[in-house]
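Both complexes below contain subunit A, partnered by subunit B and then by subunit C.
Take a look at the complex of A and B:
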């Protein structure tokens, strides 16, 4: 008998070692209680040692040898997460997840005890998306923390978090989060289908996942909203959308996202409706300005002097008198400079970045004007359009807009206002062609839906929000907002 | 854009009567069209021809239709290029705007019927605001110019109606879009609305031009609406018509994509080519045409021909089609 036991044990150790590619971190600890030996296998970097010492080893030492069997451990081990061994191949998978494998040679059976100590940082303030109002907390790199944050905020049994494992070489947990009673079930199945069809070694980040889900991979518009704000995710799933979380990534992917949802922030919900409508429109106008302002300058100065009012024309002529370049070159030069500044600012440590902003922005700009390379007015134009592009609440959309500016400027330099309009036509057609998880990108503008405009283009007082956005095709169309009773109170009547 | 002048040449200050009359005729034609379409549910005109006249004759008629839409495409495009070359882009080669517009339309058509419809819808809102500028010309109106009314001979009114109807063409597209419309009961209502909206637009533009220009001036102004717009002066924009000229691209863009889409659909039906290939072939044909017909005289002759062609096809032919369906009892 003894012989057999030993053989079984040895095979086990070898197979575990083999499965874990002979990792030097693998600890094989044997605990002897009376005449029974119990073996523990774990990776020492992944587990919480105190938990093993207190909850497993000292627990075993305090039990008698007759008590110890698989059932007993299953029922009495003071550890929250205990799992049964089903397949031998599972051993490595669970050990890699931070479980400890407790093996009973006498029964040739074992179980897993969750004593993992995941690497994570504490919950911090959001950095890429900043809000003035509202909750500041942001997601972290740990999937379980993110789900925890979400569950804390939405105590609703209908909140579903389906798990899918993706990646061939690096197994990655992906969670699909939605509200069961609101979301369109077809949307969920199509998302799951697409996720299951992804073949990749390693999904680095949720943004990579989003690119795999893209309907139109050749477009430079982001097709899914990426956010690190829990309240934004909650707002979206409340409106019948789906959020996708990836382990190791602090950003959630919200799908489907329409063009206009990139210009709304949750702050719009928190602020009074007039303010948020004005702010949302300000952002839209900023987008238009950012794309077209420099191009209009180039077109007007190159081709259409007639359009500029005569007084402005004099100022413009004076400031451009010394400049040796054609307007398009001048504009491209300055635009590229601004983008260089921005890119350098993003790469540098934040302390240096400030200094560089001053050097680059003020000194270089001033010097360029004095050296007669660019005109003052163009500096204003370019700075304004750069500033406008930063108002987009989504970083990806802001970047897309900034890049979009260059082809439009070139078109304007080639064929004036007509060129710009040609650019507009291309842009419009492109946006019309785009879809995000089969939802038209330009919804609710096209297909036109007047009821949904209040969600995407402006905000109205709360009485108008009786239905959820129709574009999302939610199961439960009505929101639970009590209809305001019509009061027939006249002027000066008491309440 | 040039309609007020054309009408004025025929019917003087009574042009507005003509417009209303032709609106009535068009509504009647539309009624007949929709009636015929309802007989064959979910079929477009290309397929209807196949059913009515058999394979071979149907194909011949469909080829004529395709040629019509391609030439209508070219005539719209060439009229715009004419305009753009005279306003602010003197010296641009004729083929350059043609090339750009063709590429643009091909890109649009590739999105399929949904994108084409979207282009029509969105460009409408992008250009709609241009009308709001017209009241700014109010200061220059002389109201006596509209009087005396009803002093045009009937023959001239007939001539004028001929010209109006074919500048109102475009509603015939419903013959091809019909299978894609979800709610068939509302088709007539909305197409009618579309026709009368265009009509109203034309009416107001014509009346405004009559009030604005002196008779001789209007007769010799090729693009009266554009000339009117140069009066519009905003604090930050002078010479507004340059902006209007570029915005005009959006208006013709929706027409171009729609016509190209119909033509390529026809090519698919007749020659059994893939629609993508049909679009390329049509694009190349039109581009080659832009080297042949590219001066003021020939483009004008060409668009006169297209207009006449369109008048026969879409005003007279639907009645014929209607009678045939009646006789054949489909």
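Take a look at the complex of A and C:
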């Protein structure tokens, strides 16, 4: 007991320094007004100096010593965010958040003034999810900016941004964003439960958080959609999903996410229905092509020359005639080469990457064919499937697909088409079993829901979108759309 | 996880039990297979293989050897190439006409059909002359090899012209069906392989040929959609009898037409008496003299063409009856009646030449060109 009392009373430079591990950045400024002294504590690189000078020091100097007490400062300090000292141990936490601790030794009380100057970059165009159509703005690393952007776009009092603090050593703010008149309350509860159960020193990024939320951590597939586009987040929460933001991370986690939502872009919403249906199918066909095209080549050339169309046979045979490797080695060699190129391109600065792309892609490919190490048809096959894998709008899904093709190619090289079918069986059973925040991953195909197909597999004209996706089990099932009578009225109709 | 890992490792070890490795470039891929009957009663097999060396001008090479049966020939052929002889891309099988006449082709086709790598859509043809010579010496336009050329030609002929379905499946199924006989095209080497006529079979032995024009009636009776062209000539007297006016000084006029639709109807009066009627819709393509195709004249021309075709049809049937071959399948139609359901091949061929087959062709002109 004695120990606690002592702790609560003793606030001086030494104790605060101790709390902050003797940080050399800690500034202790004493301001004397008449017979009163006021002590300011802050970390000099976390605060806005001008704000301290103008709003605190000069304000104190302009006050009389009689005026100055805790309540006066609370009421009159020209600073937006002011907090009272409750627990001595909180001092370090607030100072680390960029607050200035104003201590009044005469009253043995203090308060925190928010003069923080957080590290922030300006809002920029989205990098990883680039769009042709629609809003270009993307989230930044600052949580408050992200929420600001979101609030700016959705002026709806029902937009809930619940805060949870996660991380044992590094406290990190996590926001759960949803529309509370639409979202399934059970979903929110289960997300909160899972978040509260996470025990971790430091959540580095929202992608790390997403991995903690995974239903099946061993899966190849990303179970939550990561996006840096505010309009995508808004579209998702409008359909009854939940977005999770993490401070210091520019990407939001959308849960639940289904397999097909990884092949959807916001452009699909903006474009006309035929266009977006065609483009969406193009991306899905590209996915299938990307996984299976090389494998089919390997299987056909190794085991099933019977299925090769007779017109292609001579061309294919001639390109293979001089190759010293079996088809599977040849294919793996090229696939690995393409992945090397991609990885090198991602790591290098963009100017060098361009040169490397030309050297790797054109020179190396050409030379390999001329040296007789690979057949030129395989180069086309591999390049086409690599190209297809880049069409996936989600970077994570694209990468998953790229990796997935290797086991399939090996199966094809070992067992031919039978191997591919075995691979497909494993893949399908896995996908059917997979869930994302307890929502079936393959919805609406399994469990089948014909009403939801229009949200996931194709798009229809606007008037078909009366209901929200049933998969999300929203509270408010009906979506408000423009009344039909209204839209049918022409300008020259009598009112 | 460990369990899954063990399963994966164990299954990969099973690769030895899997498929035989058949890497494309190591295969001697045969596209054409041909059999000749030699004078010493042995059979000579010829195979055209694809070769994949891009530096050589030819994309095929041909090997042949003799033996008593197809497997012996194959064994000998294997000695002549460093590739595995495979038949998964086989497109055409050809038999010398003498072999088909003397030996029948069922035995050789049977082994081919039992081979699971050979599809049943492989075309079968008869060669007038030596198959080996045809495979070795013919030219093949822009096709990469002789196999592709013959395959493309047959595909075109079956789909758009006058040949019947001639793949292994059709042959074998007609072979086993009582009262129908298969037909096959006859090729002859004339720089390129040319479809010369159609071979007529009694069970599996070739008994004669009919021209492709005559084969049109077989195709019409099977009710296929595309039939090629036919030209008939009508003497002027007949036209005059019908009071159709044409230019003076002509002996006959030629009418070319294209059948577009046909419907056949068999009326079986008894085992020895069949009435076969054929309704054909045609499109007139070319007339050697101008005829005014008004509705009256059209009717008259229809009548003339019908008469002409009917006569032709009759003569073909009597020719086939002489050869004891029944590609129209009168036998199977008779057998389909309950009272004759016990009809067997032997019995049918005994009575077939004596069966009275009445024919009744009626032609309808659907189009006479854009002018009308």
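Here is the rule we use: the second predicted complex is superposed on the first by the 470 of 495 C-alpha atoms of A that agree within 3 Å, B and C clash if a C-alpha of one lies under 4 Å from a C-alpha of the other, contacts with A are read in each partner's own complex, and residues count from 1 in each chain.
We take it that a residue touches a chain if its C-beta (ideal position, glycine included) is under 8 Å from a C-beta of that chain, and two chains touch if they have at least 3 such contacts.
Keep in mind the model is a prediction, meaning the values are calculated, not measured.
**Student:** Name the contact category of A:433: first (subunit B only), second (subunit C only), both, or neither.
**Tutor:** first
**Student:** In the superposed arrangement, does A:310 touch subunit B (first), subunit C (second), both or neither?
**Tutor:** After superposition on chain A, A:310 lies in contact with both partners, subunit B and subunit C.
**Student:** Once chain A of both complexes is superposed, is A:445 in touch with subunit B (first), subunit C (second), both, or neither?
**Tutor:** Touch partner of A:445: subunit B, not subunit C.
**Student:** Scan A:425 for contacts with subunit B and subunit C and give back first, second, both or neither.
**Tutor:** first
**Student:** Looking at A:318, would you say it contacts subunit B, subunit C, both, or neither? Reply first, second, both or neither.
**Tutor:** In the superposition, A:318 contacts subunit C only.
**Student:** Quick one: classify A:379 as touching subunit B (first), subunit C (second), both or neither.
**Tutor:** Neither partner.
**Student:** With both complexes superposed on chain A, which partner does A:234 reach: first (subunit B), second (subunit C), both or neither?
**Tutor:** It touches nothing on subunit B or subunit C.
**Student:** Go through the superposed model and pick first if A:415 touches only subunit B, second if only subunit C, both, or neither.
**Tutor:** The answer is both, since A:415 touches subunit B and subunit C.
**Student:** Of all the subunit A residues, which ones make contact with subunit B and with subunit C?
**Tutor:** Residues 303-304, 306, 308, 310, 415-416, 418, which sit in both footprints.
**Student:** So in the complex, the part of subunit B that touches subunit A is made up of which residues?
**Tutor:** Per the stated touch rule, the residues are 84, 88-89, 92, 97, 100, 104, 107-108, 110-111, 114-115, 118-119, 121-123, 126, 235-240, 242-243, 245-247, 249-250, 253.
**Student:** Which residues of subunit A touch subunit C in their complex?
**Tutor:** Residues 218, 300-306, 308, 310-311, 313-314, 316-323, 326-327, 414-416, 418-419.
**Student:** List the residues on subunit A that touch subunit B in their complex, please.
**Tutor:** 303-304, 306-310, 312, 415-418, 420-422, 424-426, 428-429, 432-433, 442, 445-448
**Student:** Hey, which residues of subunit C end up touching subunit A in the complex?
**Tutor:** Residues 1, 12, 15, 18-25, 27, 29, 31, 50, 52-54, 59, 86, 88-89, 91, 117, 119, 144-145, 147-148, 151 of subunit C touch subunit A in their complex.
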